[in-house]
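Next come two complexes built around chain A: one with chain B, the other with chain C.
Up next is the complex of A and B:
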């Protein structure tokens, strides 16, 4: 695991990314959060007679995926935010950071490994969540569905909404607790997620600071009465998610006491 | 009584100054919002029923760590009962956050008066007590770091997301943020009573499981 002193820069970063993924996927808490989000999703959007009567567009796979992207993925990402927040401090406490620092590893390689590891982990969890729930929907739907009608919006959701949202949560959750008190980070995160949860969809352009229910979601499914896409709002949403992630990474990289002096 | 007081003082020393700094920072932010936020903002329920209870739960989950504390084995071996230690630690942190919350309520009421102070305390205390009791319980059951804050945070966010369930008869009695949701059937006192009782039940479960128990590290 810690043979990082030979090989290219990419390989050194790759070792830390692999370490991050292995540590995170082995945590029972991650699967508790995943299970809670799946439960909430199935309660809300399982294609039962009651839910089909309540939600007019539920028979459309694209609506189903955009609905769970807006609401239930938010719960999943909120839980993952907590579990990613300790990735830098846990290395210090367990002595793993000393092992990494004993190797000819640069600060940027260590930070990049942590950030990319956080991003990959978030993205893989998000994809697993979407694919699992779509599989349940496909199997349980009391009407006929073609596989392509399910797979196309699913792939679109993973790439168009999942990538920027995972980048935001992965980078921000790993980097910001390294530069501020973790409790303050939780409060800032809670305010942002709380605003997301309390936001009600409308025909107007959605606020740019929404993580999973911004105008990016309109690229997956649009209400038949409001079929337009506000591209300025979509771009603002993308820039907010990716720009905040980049700013968090820069803040971590310029932190002086993250690594030994002179690297 | 003296032993209890010094125990709480020790726990506050362990928690450190960040507990006071972050609490003061959040109070400052709410006071600034009250002064500059305008009348459109439904400040009281948002601040004292939604934000502050979550902060209390995160504080108990993170500043009052029990089983996830690095020195847990040592503390548990020297304590007569895990319950007394966990109660003292949680009470110290919850009391500090609540002290700041009540101070903030008083300051905000001076800026723009909308509710009597005792009503604001009733609005804040039951959800805060319930969520932080949940965090304390998870903290005593699991060695996983941040899990206590994550579990109470997920309950908090799920409650925010499921506001539409209030259309079902009876849900208003168990909806966590009833004042924030507008209290459609005027049952907020019942609702707050139910959450206070739920918090007490959680502490009763902690007592039952941890009284006179020593080292039990998973």
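Up next is the complex of A and C:
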């Protein structure tokens, strides 16, 4: 009995997640952002003679992936943040929120569907971005590369850096505009991403609040002259990303007028 | 008695001080039930309370014997709701949208979605994007999502407003068909004709207060023998009239203005009494021609 009940809870959340993804992937603006980030990435890191002469480590796939992770992915995520910011207000605007509230659906199912939808969407876009650019790199490289030499750092980048970064961007972008003024949210987002973009890699421990260029990215590739990993800084980075995501979700859940009052 | 909805002493005062409902009590049986009232009368507020998305300031509502405040989850399993302003997601197809709403109600059987679309004659447009539909078609999709899962109670808020006559007729037949076999369709409207055609029973709200509830025939009895015909010479006489009686109809003719009134207070004992029509009853009920 309890299991059936639990199963149906997950199922309703799953339905919302599925349609959140369907609607997001159908938006032309999403693909404009994706295309712009791909273009930027290829201009900077395509294995052309010019770029190979400019970037000493470009022949290493792990370097390639860590390079695009720390900058080009940031551009992608910044765009997605804006596109995800309206995922709660769209339900108010279109009247669909009334349907959800009149349906046998709980506040937690609704919030979870929206949040997890935002996370999956961000994660899938980020993975698609990394895999696509890596494929171009692999096909165009004027030197021989083994598939495994490309796939290993790619998978690592998706899991080690991609997961926490997507969780952060997905949850925060969906939840915070629901609990604060959306203009304030955009300002905070712009400041955070601006600070991120301004932080170029250095040998020092990186600030914990970096989304894609913190010490997490050192787990994919390290400069041979500074091959250390500062584990405290890595953990601080992970905790910042996942902790902020969790806090945003809690704020959304305790917001009283998100849902029908009582029962 | 199979009274599917029991509303007792319901009041709602919004935070801005507006009293949208003031001690409203009535019951609703099976069939199509009309909720009549002008804009701002409180129809939407009452319907929101009924579908549990708004809590009344006082009073109780029972749907199929379940209290909306204490047993909200049980109530929600038994209702379908079409809100007054439903834009839906323009980028989704008709099928996807209805399937999505079905999913949130725990219905995963796709044949049910097709059945609902068939019931509103939208099956051939299942693949079309909602953003590309006409107003009437959107409203039909709205009905389809409300009646999926065949809820015992269907609550539809002004479904015919802004539709052309052909669409209105279609809507009425969908709703009356659904109401057979013990189900209840609660329909709000400010169009007298909707109720006239569809409802055996109705309730009339006026500025948050219940003005009448019961059989449509009962309304006729209220006006019977009180409808009178006056002949006025100019507009000035007309201007003062609505303070003394409810003006039902005015016709401008060459030799003056002919006015049908409902002489509730007996102020026009000398005027000619005429046979009351159902139209008279409704217009009276809605507060007369000059009631806003």
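Operating definition for what follows: the second predicted complex is superposed on the first by the 255 of 263 C-alpha atoms of A that agree within 3 Å, B and C clash if a C-alpha of one lies under 4 Å from a C-alpha of the other, contacts with A are read in each partner's own complex, and residues count from 1 in each chain.
Note that a contact is a pair of C-beta atoms (placed from the backbone, for glycine too) under 8 Å apart; a residue touches a chain by one contact, two chains touch by 3 or more.
These numbers were taken from a predicted model, which means no experiment stands behind them.
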{"item": "First, second, both or neither for A:159, with chain B first and chain C second", "value": "neither"}
{"item": "Touching partner for A:93 - first (chain B), second (chain C), both, neither", "value": "both"}
{"item": "Touched partner set for A:188, first chain B, second chain C, both or neither", "value": "neither"}
{"item": "First, second, both or neither for A:40, with chain B first and chain C second", "value": "first"}
{"item": "Touched partner set for A:140, first chain B, second chain C, both or neither", "value": "neither"}
{"item": "Partner chain in contact with A:198 - chain B first, chain C second, else both or neither", "value": "first"}
{"item": "Touched partner set for A:27, first chain B, second chain C, both or neither", "value": "both"}
{"item": "First (chain B), second (chain C), both or neither touched by A:82", "value": "first"}
{"item": "Chain B/chain C common contact set on chain A", "value": "27, 90, 93"}
{"item": "List of chain A residues in touch with chain B within their complex", "value": "27-29, 32-33, 36, 40, 71, 74-75, 78-79, 82-83, 85-86, 90, 93, 181-184, 186-187, 190-191, 193-194, 197-198"}
{"item": "Complex interface listing, chain C residues touching chain A", "value": "48, 51-55, 68-73, 76-77, 79, 81, 83, 85-89, 91-92, 96, 100-101, 103-106, 108, 145"}
{"item": "Touch list for chain B against partner chain A, complex", "value": "18-19, 21-22, 25-26, 50-51, 54-55, 58-59, 62-63, 70, 142, 144-147, 149-151, 153-154, 156-158, 160-161, 163"}
{"item": "Touching residues on chain A, where the partner in the complex is chain C", "value": "8, 11-12, 15-16, 18-19, 22-23, 26-27, 90, 93-96, 98-105, 260-263"}
